[in-house]
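Naming follows writing order (A, B, C, D and E), and every chain is counted from residue 1.
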Amino acid sequence: MTERSQPLPRGVRALAGIAAVLLLLPLIGLWSRAPWSELTAQATQPEVLDALWLSLGCSAAATVCTFVLGLPLAIWMDGPPSGLRTAVRVLVTLPMVLPPVVGGVALLFAFGRNGLVGAPLADWFGVSLPFTEAGVVLAEAYIALPFFVLAAEGGLRAMDRRYVDAAATLGASPWRTLVSVTLPMIAPSLRAGLLLAWARALGEFGATITFAGNLAGRTRTMPLEVYAALETSPEAASVLSVLLVLFSGGVLFTLRHHWFPVR
Amino acid sequence: MTERSQPLPRGVRALAGIAAVLLLLPLIGLWSRAPWSELTAQATQPEVLDALWLSLGCSAAATVCTFVLGLPLAIWMDGPPSGLRTAVRVLVTLPMVLPPVVGGVALLFAFGRNGLVGAPLADWFGVSLPFTEAGVVLAEAYIALPFFVLAAEGGLRAMDRRYVDAAATLGASPWRTLVSVTLPMIAPSLRAGLLLAWARALGEFGATITFAGNLAGRTRTMPLEVYAALETSPEAASVLSVLLVLFSGGVLFTLRHHWFPVR
Amino acid sequence: MRLRADIERRIGTLDLRVALDLGPDETVALVGPNGAGKTTLLRVLAGLLGVDRGKVQLGDTVLDAGPGAAFVPPQERRVGYVFQDHLLFPGMSVLDNVAFGPRSRRATRRDARSSAQTWLERVGLGDLAAARPAALSGGQAQRIALARALAAEPRMLLLDEPLAAVDATARTTLRRELRELLAAFDGVRVLVVHSIDDALALADRLLVLEDGRIVQSGTLPELVARPASRYVADLVGINGFLGHCTAGVVDVAGAKLVVAHAEDGPVHVTFHPRAVSVFRERPSGSPRNVWSAPIVSVEPALERVRLQVGGPLPIVAEITPRAAAELRLAEGGDVWIAVKATEIAVSTA
Amino acid sequence: MRLRADIERRIGTLDLRVALDLGPDETVALVGPNGAGKTTLLRVLAGLLGVDRGKVQLGDTVLDAGPGAAFVPPQERRVGYVFQDHLLFPGMSVLDNVAFGPRSRRATRRDARSSAQTWLERVGLGDLAAARPAALSGGQAQRIALARALAAEPRMLLLDEPLAAVDATARTTLRRELRELLAAFDGVRVLVVHSIDDALALADRLLVLEDGRIVQSGTLPELVARPASRYVADLVGINGFLGHCTAGVVDVAGAKLVVAHAEDGPVHVTFHPRAVSVFRERPSGSPRNVWSAPIVSVEPALERVRLQVGGPLPIVAEITPRAAAELRLAEGGDVWIAVKATEIAVSTA
Amino acid sequence: PRGSADGRVLVFAAASLGEAFTEIAARFEAEHPDLAVDLHLAGTSRLAFQIGEGAPADVFASADAENMDRVVGCSAVVDGPHVFAQNELAIVVRRGNPRHVDGLADFARSDLRLAICGPEVPAGRYAREALGRAGVEARPVSDEPHVKAVVAKVSLGEVDAGLVYRTDVAAAGDGVEGIDLPDAQQVVAVYPIAALGAGDARPAAARAFVAFVLGAEGRAVLTERGFLLP
């Protein structure tokens, strides 16, 4: 609100600069090593395009799942403290510490054809998730979910509860209060959480290849394509990585008014 | 504040339950497959203990770096909108979409022996980061940084700026305002961000093995150990994974009053 | 519908124990010192806080019967609550804030907006419909909060200092508007005010809450006649004390006051600040109560000066600005105080 | 040190253009309708908003000379600012809130806390030191905000409605305390108030801001004598109009008023509500100004009733409760109004 | 969808076979227009694990015998396993061999940074065996998870030499070059292939693919990529 905005504390700018350089340098590295001549060639290859579209579709679907399931979980976690809540908080964090490949293994143990739930699912409904697009979405959602939940819950905890009271006195149902009052107030955290979840899903590799396989055109997302290229040479992989980065940068830039709205 | 707390909107509890089950099932899967007889045997093996300690130390160091560098970046990003800020926001998000292995390759391009910065660093100062503990920390910090930055920035954006004004009129320097007023107010988001960053660093595999290699006792963190075990048998890997999960669960539980303070 | 409540509720250091019986045909002004529990009481009535023990009942409906028992949540109580700090939803326009209540009651967007616009105009801010709450001044926010509460068509009105930040002109109109509204409103109406003017202009009865208890309830004349506490005396602007009368002399914490009508036992004594005479020298003459006291403060008010003196019987005197100048009150020191026995009203406590 | 300011600042729909010259030996009450820009003006003086054009200067120091030019940031201006909505830091105890200023000025933790405790006691809330702001009542929060601003030892005091939510007893003491503080304070003091009582009790001079401009500045008698606007007349509680005088008759938007002293040209006319007589039937007799008007509102106040009438010349009359009862005013309808020409004060505008 | 119904063959192949099998699959499809190949490439042990967890693989091409044995042990095999290719180890160095590595003996030099695979993957075991035969005690800076990671590190100059398969050197392009090992130190890796009953494809289709790999065209492609034939 202050247009004479408070100056940044000393040192902040310098450290922020270091952070930005740390993030930027590897990208420049990729950029500088990518054989540019190949970029257009790669960008028009049908497999690469397939992988890009698949990545976009699956990561979008995974982000939607993450939101639909993660937001209720965050809301529930934000309730009055109890032993169960603490347990669930720890539980939500744990999948993040698993290396994604192990996450994929765990998913197979759970949802594979011989898995805890996968076996009955296959026997009774004939549904099998591994090695399908749905499997990709499941793997990505599983990996991305904790990120969204924790970010959203952080927002909820910082929110001023009295607005919820105000909405209730105006006759709003809990549902309406949630949609019209709570969510808009924590929008920045939700946005951050969605961004985290989407990016995490888009870049997800280990769980996907383990749970959903690496089938060209079906489950081979861009990270898997990049990984396959890495078998040939780091340079080949960097072309595809640059493509992935450009592509997601493009998406972010297109949606910048949604991700990063001007206050 | 209301002890008669608002009931959850209908459906929220059910969806939250589904989310919790989705997160829990794979862990149960791991648990159920782990040959428990081996657990104690593994848990006392010196390599495994080494890997655990290394993981703990490196992830803690990476989290500290993430905080020290990421917070200033988040603060800077939260300033008045400008083209540069939008660009930096996109930039911060991009490393998240890179598969971690590619992140490792990009780090090598930047900080490797022949890298953009790595070469001069090695020539002038004799410093080489790959294959060292410092390399592990760098890789983990690089991967974890965006998560922290986005979560912290989400918190900053939702904060009521007028408290900063109030602090300024009371004579507080920007630095003091930051430490005494802003940070406590966005503590929930910072906590969420640190948790994300720590968990991500602890579970980080691809960038670490690519950038820092995999040397027992030096750079072989727990995820690398798990990955190696996975080559031999998924069951061995699940024992180690369960160990990692138990261990990080223990850390979370010990610090629960810090991560999840009662409001 | 009558509101009958018997409330016990602890929160922080406050121990609220209040029994209420409010009719639908009266407006009650809740007054009391800061921290007395006024806002807390409103929150209990609105259902934002539950009672620890007791019962809140509106007509035949039990709204709250204590933990684990019947409880009607706030959104089903149809209360119109104006919060002390407004709590306008920051993300919505002013119009949407006001339309929130009707929308929650399932009005169509159109209807909700048009009724919101009507309410905005009633509080004199029709042209701010599109503004964001952050762009409002304090007084504007308060008026919008009032419009928002009223637009929800409540059955019970709870207004927490609804006019505190409103300017003089708007106050005149808003008070009038509010009085009409309150009169036309068929339901329980409670408003918290700090100014006796507002209480008088808007309420039929005053309820004095101190430290979680109701210490007095009644109309202004009743409060003026026998203020139950220092706070009430200050509120109504008179000098009032509790004392013990023995043979025409009232003992107030050691100080003696001679009064005209003598009824032995505990009594309220009150006298108007205008009934107090002030002198630089010891006066000779009829007043039976004469004493010397140090000047505590001299406060100019409209067409008069309020003089506060200390000593064993701290009182307020009201004199003309000319008298104040002649007495050189501004210079401090001691003055002589005289109060005629006949000016002191006494009633059994 | 004098504060000289020449401020142009646009924000939202407000266009603030104000020239100020405030001495260190006077307390100025800033009054004005909601949304007039009072808070915005304080924010500019505090350095929380920059000027678009103009200059703010304290003594010889230029505080703000416009975008790109000299600017002293708020934390170096040593202002004591009480915000309209308090803005107590939610994460700190009350004591730490108050100690925040001294700590920012590099006092040791001990010193800061002990001075904070002293200030808490001065505002009468010494026992709330350990409380969290969320546990405070509205009035308590306001008093703590005052203590916090004063504890920072400012050179310039900016108080935005510092007494709005304070209860009657605390108001009396706090007003006295504040008056002493303000008198002892060597520096610019500006306070925003909505009540003329507060303004009178605390300030030497009133500054009336309307719609971003200063429309009047002066002492209360000056304002009463010739209120520059409807708002000022409402504020001081009198009837005041701007009109045009021709041969002893003032034309106020079509309505005619006969006055005693005739100076042709644009004039202010004012008369006290007590100077207005009210009748049910047309009175015969000396008053030169007699007309019939509809009753708009009847408002009981302490020992009198304020009657507002509409029509071409909307005025307020003050009568005794007994008279009001005899006239059956509550029933509405029209009444006859009489104002003696000699009761109307006229001055050239 | 169950993957490989109606004329689709789901082939699980070791990552090191990627390029060869991509080409073989294309040629197979050209020859059998009614059949389509879905190729799933990953580390051999990952593939074996996935098959163990019920992955609907029709064909499994392994980079070692052990993992094939694992699969055979838990899965219905309709054809095979047959060894269809072999591979040999080679030293990989940067193009131009700037650090002058001539043979395994140089792996004892302390001024070189070396990388080999970890002992949990076949290439790591073979490399250790070869080093043992050469009587060299090497201290690699890293136990890489697979040979491609070794090649990548050499190609980036992060390590000076590594021990990988010959085919990896051939596939890695211009950045690196290979140095063959003398026969005395050489270790031979075998690649078995099997048609499985786990998948949903007609067993005939799976068998046809296995036969194609073992046949003339398959062998031609494999030799072209540097594999040895059994």
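To be clear about the criterion, a residue touches a chain if its C-beta (ideal position, glycine included) is under 8 Å from a C-beta of that chain, and two chains touch if they have at least 3 such contacts.
Being a predicted model, the structure only gives us computed values, none of them experimental.
Enquirer: How would you label the chain A and chain B contact, same or different, if same means the shared numbers make up over half of all numbers there?
Expert: Chain A and chain B contact each other through largely matching residue numbers.
Enquirer: Which of the two pairs, B-E or A-E, is linked by more C-beta contacts?
Expert: More contacting C-beta pairs are found at A-E.
Enquirer: Centre to centre, by mean C-alpha position, how many angstrom separate chain C and chain D?
Expert: 21
Enquirer: Distance between chain A and chain B based on Cα centroids, please, to the nearest Å.
Expert: Taking the mean C-alpha position of each chain, the two centres sit 14 Å apart.
Enquirer: What whole-number Å value describes the gap between the mean CA coordinates of chain A and chain E?
Expert: 33
Enquirer: So what's the Cα centroid distance for chain A and chain C, whole Å?
Expert: From the centre of chain A to the centre of chain C is 55 Å.
Enquirer: Multi-chain contacts only, two chains or more: what residues does chain E have there?
Expert: In chain E, residues 46, 49, 52-53, 152, 156 touch at least two other chains, as defined above.
Enquirer: When you check chain C against every other chain, which residues touch at least two of them?
Expert: 47-48, 73
Enquirer: Quick one: which residues in chain A touch 2 or more of the other chains?
Expert: Answer for chain A, listing residues that touch two or more other chains: 1-2, 6-7, 105, 108-109, 115, 162, 165, 168, 173-174, 177, 185, 187, 230, 234.
Enquirer: Along chain B, where are the residues that touch chain D in the complex?
Expert: 1, 162-163, 165-174, 176-177, 180-181, 184-185, 187
Enquirer: Going by the contact rule set out above, which residues of chain D touch chain B in the complex?
Expert: On the chain D side, the touching residues are 43, 46-48, 73-81, 83, 87, 89-92, 100-101, 103-105, 134, 148-149, 152.
Enquirer: Inside the complex, what are the residues of chain E that reach chain B?
Expert: 43, 45-46, 49, 52-53, 113, 115, 118, 120-121, 140-145, 149, 152-153, 156-158
Enquirer: Applying the document's contact rule, which stretches of chain E touch chain A when the two form their complex?
Expert: Per the stated touch rule, the residues are 1-3, 10, 15-16, 18-19, 38-42, 46, 49-50, 52-56, 148, 151-152, 155-156, 171-173, 175.
Enquirer: What does chain A use to touch chain E in their complex?
Expert: So the residues of chain A touching chain E come out as 105, 108-109, 112-115, 118, 122, 128, 130-132, 209-210, 213-216, 218, 228, 230-236.
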